[in-house]
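Each of the two complexes below includes chain A, the first together with chain B, the second together with chain C.
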Partner chain A sequence: MTDVETLVPRETPPDRPAKTVKRRNGWQVVWSNGKARTGIVILALFVAVAVCAPVIAPFDPKNSTLPAGLQPGGAYLLGTTNLGQDIFSQLVYGAQVSLIVGLLAGVVVTMIALVIGLVAGLLQGVVDEILSFSINLALVVPALPLMVTIAAYSPVHGLSLIIFVIALTGWAWGARMKRAQVLLLRSQDFVTAARFSGDGLWRIVFRELVPNMVSLVVAGFMGAAIGAIGAEAGLSFLGLGDPTTVSWGSMSYWANSNGAMLTGQWAWLLAPGLALSLLITALTLINFGIDALSNPQLREE
Partner chain B sequence: MPAANSTDEPILTVKDLNISFVSKYRDDRQVIRNVGFDIRPGEFVGLLGESGSGKSTLGNAILNLLTPTARVTSGELLYKGKDLFTIPAEDLRILRWSEISTVFQSSMASLNPVMTVRAQMEDVFSAHRGTSDAKREMTVEKSLDLVSIDHKYLDFYPHQLSGGMKQRIALAMSLLLSPDLIVFDEPTTGLDVVVQKSILSRLKALQADMKFAVLFISHDLGTVMEMADRVMIMYAGEVVENSPAGDALSGVAHPYTIGLLGSYADPRDAEINIRYIPGRPPSLDSVPVGCAFADRCGLATPECREPRIPTAEIDSLAGHRSIKCVLFGSENSDPLPERTIFDDVGQQIDVHHAAPGAGEVVCRVEDLNKTYSTRKGLKHTENHAVVDVGFELRKGSVTALVGQSGSGKTTIGRILTGVEKPSSGRVTVAGVDVGSLKRRALRNYRSKVQLIFQDPFQALNPASSVGYAISRPLVNHRKLRGSEVQEQVDRILGQVGLTPPSEYRDRLPHELSGGQRQRVVIARALAAQPEIIVADEPISMLDVSIRAEILQVLNELTRSNGIAMLYITHDLLSARLIADEILVLHEGKIVETGSTNEVLTNTRHDYTKLLLSSIPNPWQSRRIAPSLPTASSTSARA
Partner chain C sequence: MLYFLRKTGLFVLTLWAAVTLNFLIPRLQPGDPAEAIVQKLAGQAQQVDPEQIRAIRLMLGVPDTSLWNQYWDYLNALIHGDFGLSYGYFPYSVTHMIAEALPYTLTLVGVTQIIAFVAGTSLGAWAAWRRNTKIDSFISLGSTFLSTLPFFWIALMLIYVLANTLHWFPEGGAYSGEIVPAFSSGFVADLAYHAVLPALALLITGSIGWILGMRNNMVQSLGSDYTRLAVAKGLRERRVAWTYAARIALLPNFTGFAISLGGVFGGTLIVEQIFSYPGMGKLMYDAIGNRDFPLLQAIFLITTVAVLLANFLADVLVGVLDPRVRRQSS
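Take a look at the complex of A and B:
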């Protein structure tokens, strides 16, 4: 044995650090995907329309003093309803409802799924058994009839009810995916290493597990938002939404019940449907970019 | 010795091949640069290189299986005169498997999990040779005989077979249509050493018998040198040497070849001399002008930085050699230059040993047993993973726990670190029984015992920086705060040779090479100032040329910090280098124990002998005395 001084590595490895480390953050990865870029642009347009609705819309959407049942064209771009409301203004304001429902219900669903997935994945034994059973139960119960029943018998109607119903029926799929991801991650060496470094459970959850689940969480949020927007429109179309709010779903409901097709007011029926499809398409396109986030192989085409 | 007659027409000719990876987001990276070579009928050619050298890309190019981002920018690939890059897809389909077949690295993935072995093999046969039932069955069974696998396994699904068995079946499948050329891409990586040895010797025997040509791609120089007639060494996308294997071993070769060979020795020798090449290969984004190896070469001259490096074409007794190095000049067919260059390449590993029995005992393991019981229906089976194991770990000394996979060595490591509880027996550290520790006590215990993982790619959180990983033990175990943490992180990074620390502190793991990551893993273990380190195969996932370096870091740090290390490995050579004491584990029992020298030079147990014989030793199998010209090295090998 020689003395300690000489035992320290004499030679630093001439490993040259790579010259330029191009670190692309998540946003750049998503943006670099052509489909996702298209989706983001469309979504941004919708958001702009929703925010600037009072500026863009020529009339108050609930103002029913206009001439009723006009065809598209002229001063009333898409015509007017049987009650004398401007359809274009309704369409513009409808974007607000869809986006708010998508955002809020998406967040609520994602949070429920994340919490249940984390708890079920981390705590094995009885807790996991119970939670997994609930997840499976929620997955096999048919969502649409349940939504319709709750919405129909609820004493209150309004956006909060819709969000509640969507959250209640939509969390299970995400929770199952997140549980599986936690099970996979917790057995990884770096989690064991964190335990050996003395980290406690909370730090392991939030510094080791959750950062590696970001793409899954974001993708789950997008999926939930798409589902929520569709569900809101569906419930409103069935007349189960808040009859006083103007949304694309309720527009379709009124157009349908007033026989818009028969009276030739095609825009009344078509416009909300097209807007809805376009918004959902945009979100789906963004999801392609998020896939590239979690799977680097999809990044370079 | 070369199986091929050099007058034969080559069956495969590669001419001036250049391949680039193209990407929308970064500059094109040229991964294969001006590669040209021949393979003659019945020849066994080894293709060697470190990870990222382009060897697998070259292998895939030969099968015309390049991924969509790879573009052949120039060059020809002639198989029996036909250019595989330009022939119609249908002709290529017919050629594949019936004339050129392959065995991939992971047969786990190349066998279809929902088909029986028989169905898959018959499928291959039918696709190329029609569907005459009797002949098909006979051929399938015959090819299984070749790899010594019983016919009953034909009706098994892949998941019912062990890794070694699956690899044998992949080999049988590649032989099914008696091809003329088989490409092996790291066929035994990830398999147990003993299994690997048996598969490779089977392959060598079959090849000698059936006279097919082989291109054997591997990072393991020792294995390839043992088997191949000719070896090609790749570095940064170029073939720097193409020589008969015996010539490459002679000590007169490309400096990179010599550097790689420096990692091999016989662990039974009285003194061993292991050398390593400092640094790592250049990134393919910025390959330096001239010789790509010049930056790591102890013999580099200004000539090496010239844009054109000549290739020396030399005829030796065993065949033709091409060496791309200025030391050999560009003279064609001249006799070998009288130059011996062995000692100037690479750096000698310098390890220190403690006297056996020296240092105070910090951990005592007594009568350790671990039994796993599994219940399948009514059947209850018990698996005795660890049986009556006892040993001691001493301060400042390294104890190697050696055995093949399934010998229970990892289980002992897990019990020692408190991850698993023993079935009976005890592990005592500082008077405390480790098996009895719960929660908080266990957490405190881990400030004394740290783990170094096998796979540096899994052991670091991809989302956290290097500095964060190293800071956690400082904060949790050593209760440091604020600027103290930062200072210590920098100091420890310096200790493991990642300097300057500011360069590495904020990096994410994917921005580091495998060797650098393993240094970070070691740094994190050191940060807790442990008394004991359990290192579970810490070098087996690393490239050959950096293994010695990491061993040296481990050795020095454990000894200078007075840490007791349990070094778990299957590799007796690395145990020989680093350990003071060796425990040989077989089926959960310690079959041989003693000081390293004692166990390796005076081996008593057959199992230890089997492990020793599994270590590739190119010189021994070719009966070539490694020609070490200078006095110091010669004595080291005597």
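Take a look at the complex of A and C:
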């Protein structure tokens, strides 16, 4: 037994020194942030409610054979609509729509933004000029009026239409951020080193650039999801959503058009708005942890 | 100078792209759009007036001709300010309907956005100056909480609490039915009284972005060398905060102000519908319900052009105020 062997634990290969600083993966960084942890717990609750909706909801949300216009309390926790639907069951099922729209539209928007940001950042000259111009155009064109105009022309009004218009109007901000990040990264030494060692374009993109953009992509996804959930609620509130799906936006639409507040069905109007607010709060809180991914100064040890 | 030339060129190009986008949207559907619209109108058991078909043709061009010819006709009509006839408010022209609604929205948005900008940036600067105190956490946390609430929900709560319950303000409309619209002090007061609630809704949601944005900018500029120098020179606190830190922190907000106008119009769409306020947002909402496509498209175009113009002016203003921006591009 030499002195060196006692210093180096057996598990560690001799060519690699023992780490003094414990490295943590992305999930651990986010989870160690108190705000983000709260957000993740709330989001997990929403997901659980959405998945177990058939078990949790006492009634079918579209079943309109219950006593109509009941105020909150009793067997109907939040009362019933003027058509005789259980509001609590609608609230539970509404979580599904918001989460699905947030997830799908978030993914689509993030993918579009990533591809356009990468291409614009990597290719200089005419392609970049055209893409940057499109980004700036999409940033300034008023989003909700554009969504509304496209939705008004569409013959079908479903969730896919809503996701489509959100994707069409929502990608620009993320694309601009990602283009700026690519421009910053491509001038860094490690990219130059990779290029000089003979790495091809694709290898540089996927081994050097994309791994350094993970936190930006995740943060972009969260932002897009928040925007999409809000946009779905707004469009449904304006009556441009799918009239047959039960979402928090469409609940607010019916509650408002039936004067829920005046008839004492206050929960009909209050509950969907507060549910939306809580879900968006959860996502905003998670974003604090994601910021800590890219900025180590924000980490909580 | 190059900076301003480049911005002007970009503005003209963006304007052209927006006008073309407006031309393309109804043509993205498969089939002949004019025919589809006539079908939809006929489906509503309405008698289709030949004038309405003429209006559709005017909007969409003659479908038998090439897309290029349609585009040319469309541009030609636009230059003459001819948006055709409204289906929903037939036989009024689209231009007439917009001229009726535009002053309401311009006043509402203009007044609220300027107040929101001034109040929001001041609150944000104040929070940053007193950061990590109770005032700061009250302002920052309060605005973060408000930003998670759906916009329509805030407006509905305002109606419920301030109109339905307390009866302080009317529920909706732009003026009382019994008052004859005229340029009298009574009518103007009535207009203002009716505008309070929609304005409040736009004000609450409009200022949040400025508060949070200004706080971030200001925290950065407070940590910079020129602020430290100002403190070292022994200048009074108030002077350091407002004429040193806040002045630089304000610049990004000018550009932000113009970009936000697009979002603000989205807000008026919801607010005017909730308060039945007869502006552009309500007009657009009703145009959707009536399938009034010429009106819908004209409103979309005018809104977009207004936002583009605001962005162009903001770019020019920032160029005048901040010499660094001008130097960068030349």
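Heads up, the rule we're going with is that the second predicted complex is superposed on the first by the 278 of 301 C-alpha atoms of A that agree within 3 Å, B and C clash if a C-alpha of one lies under 4 Å from a C-alpha of the other, contacts with A are read in each partner's own complex, and residues count from 1 in each chain.
To be clear about the criterion, contacts are C-beta pairs under 8 Å (C-beta built on N, C-alpha and C of every residue); 3 or more make two chains touch, one makes a residue touch a chain.
In this text, all values refer to a predicted model and were calculated from it rather than measured experimentally.
Looking at the shared chain after the overlay, A:M222 reaches neither chain B nor chain C. Using the contact criterion defined above for the overlaid structures, shared-chain residue A:T284 touches chain C, although it does not reach chain B.
By the document's definition of touching, of the two partners only chain C reaches A:M261; chain B does not.
Using the contact criterion defined above for the overlaid structures, shared-chain residue A:A271 touches neither chain B nor chain C, since it reaches no partner.
Of the two partner chains, chain B is the only one that A:G198 touches; chain C does not reach it.
In the superposition on chain A, A:N212 makes contact with chain B only, not with chain C. Overlap of the chain B and chain C interfaces on chain A comprises no residues.
Those residues of chain B that touch chain A in the complex are listed here as 23-26, 69, 278-280, 283, 285-286, 295-296, 347, 352, 354, 417, 419, 443, 446-447, 449-451, 453, 455, 458-464, 468-469, 472-473, 475-477, 495-499, 503-504, 507-508, 511, 513, 515-516, 521, 524-525, 527-528, 549, 552-553, 556-557, 559-560. Chain contact summary for the complex, chain A toward chain C: residues 133, 136-137, 139-146, 148-155, 230, 233-234, 237-240, 249, 252, 256, 261-262, 269, 273, 276-278, 280-281, 284.
Considering their complex, residues 1-2, 4, 7-9, 11-19, 21-23, 32, 188-190, 192-199, 207-208, 211-212, 214, 299-301 of chain A touch chain B.
Those residues of chain C lying in contact with chain A across their complex are 10, 13-14, 17-18, 21, 25-26, 28-29, 144-145, 148-153, 156-157, 159-160, 164, 258-259, 261-263, 265-266, 269-270, 273-274, 284-285, 287-289, 291, 293, 296-297, 299-300, 303-304, 307-308, 311.
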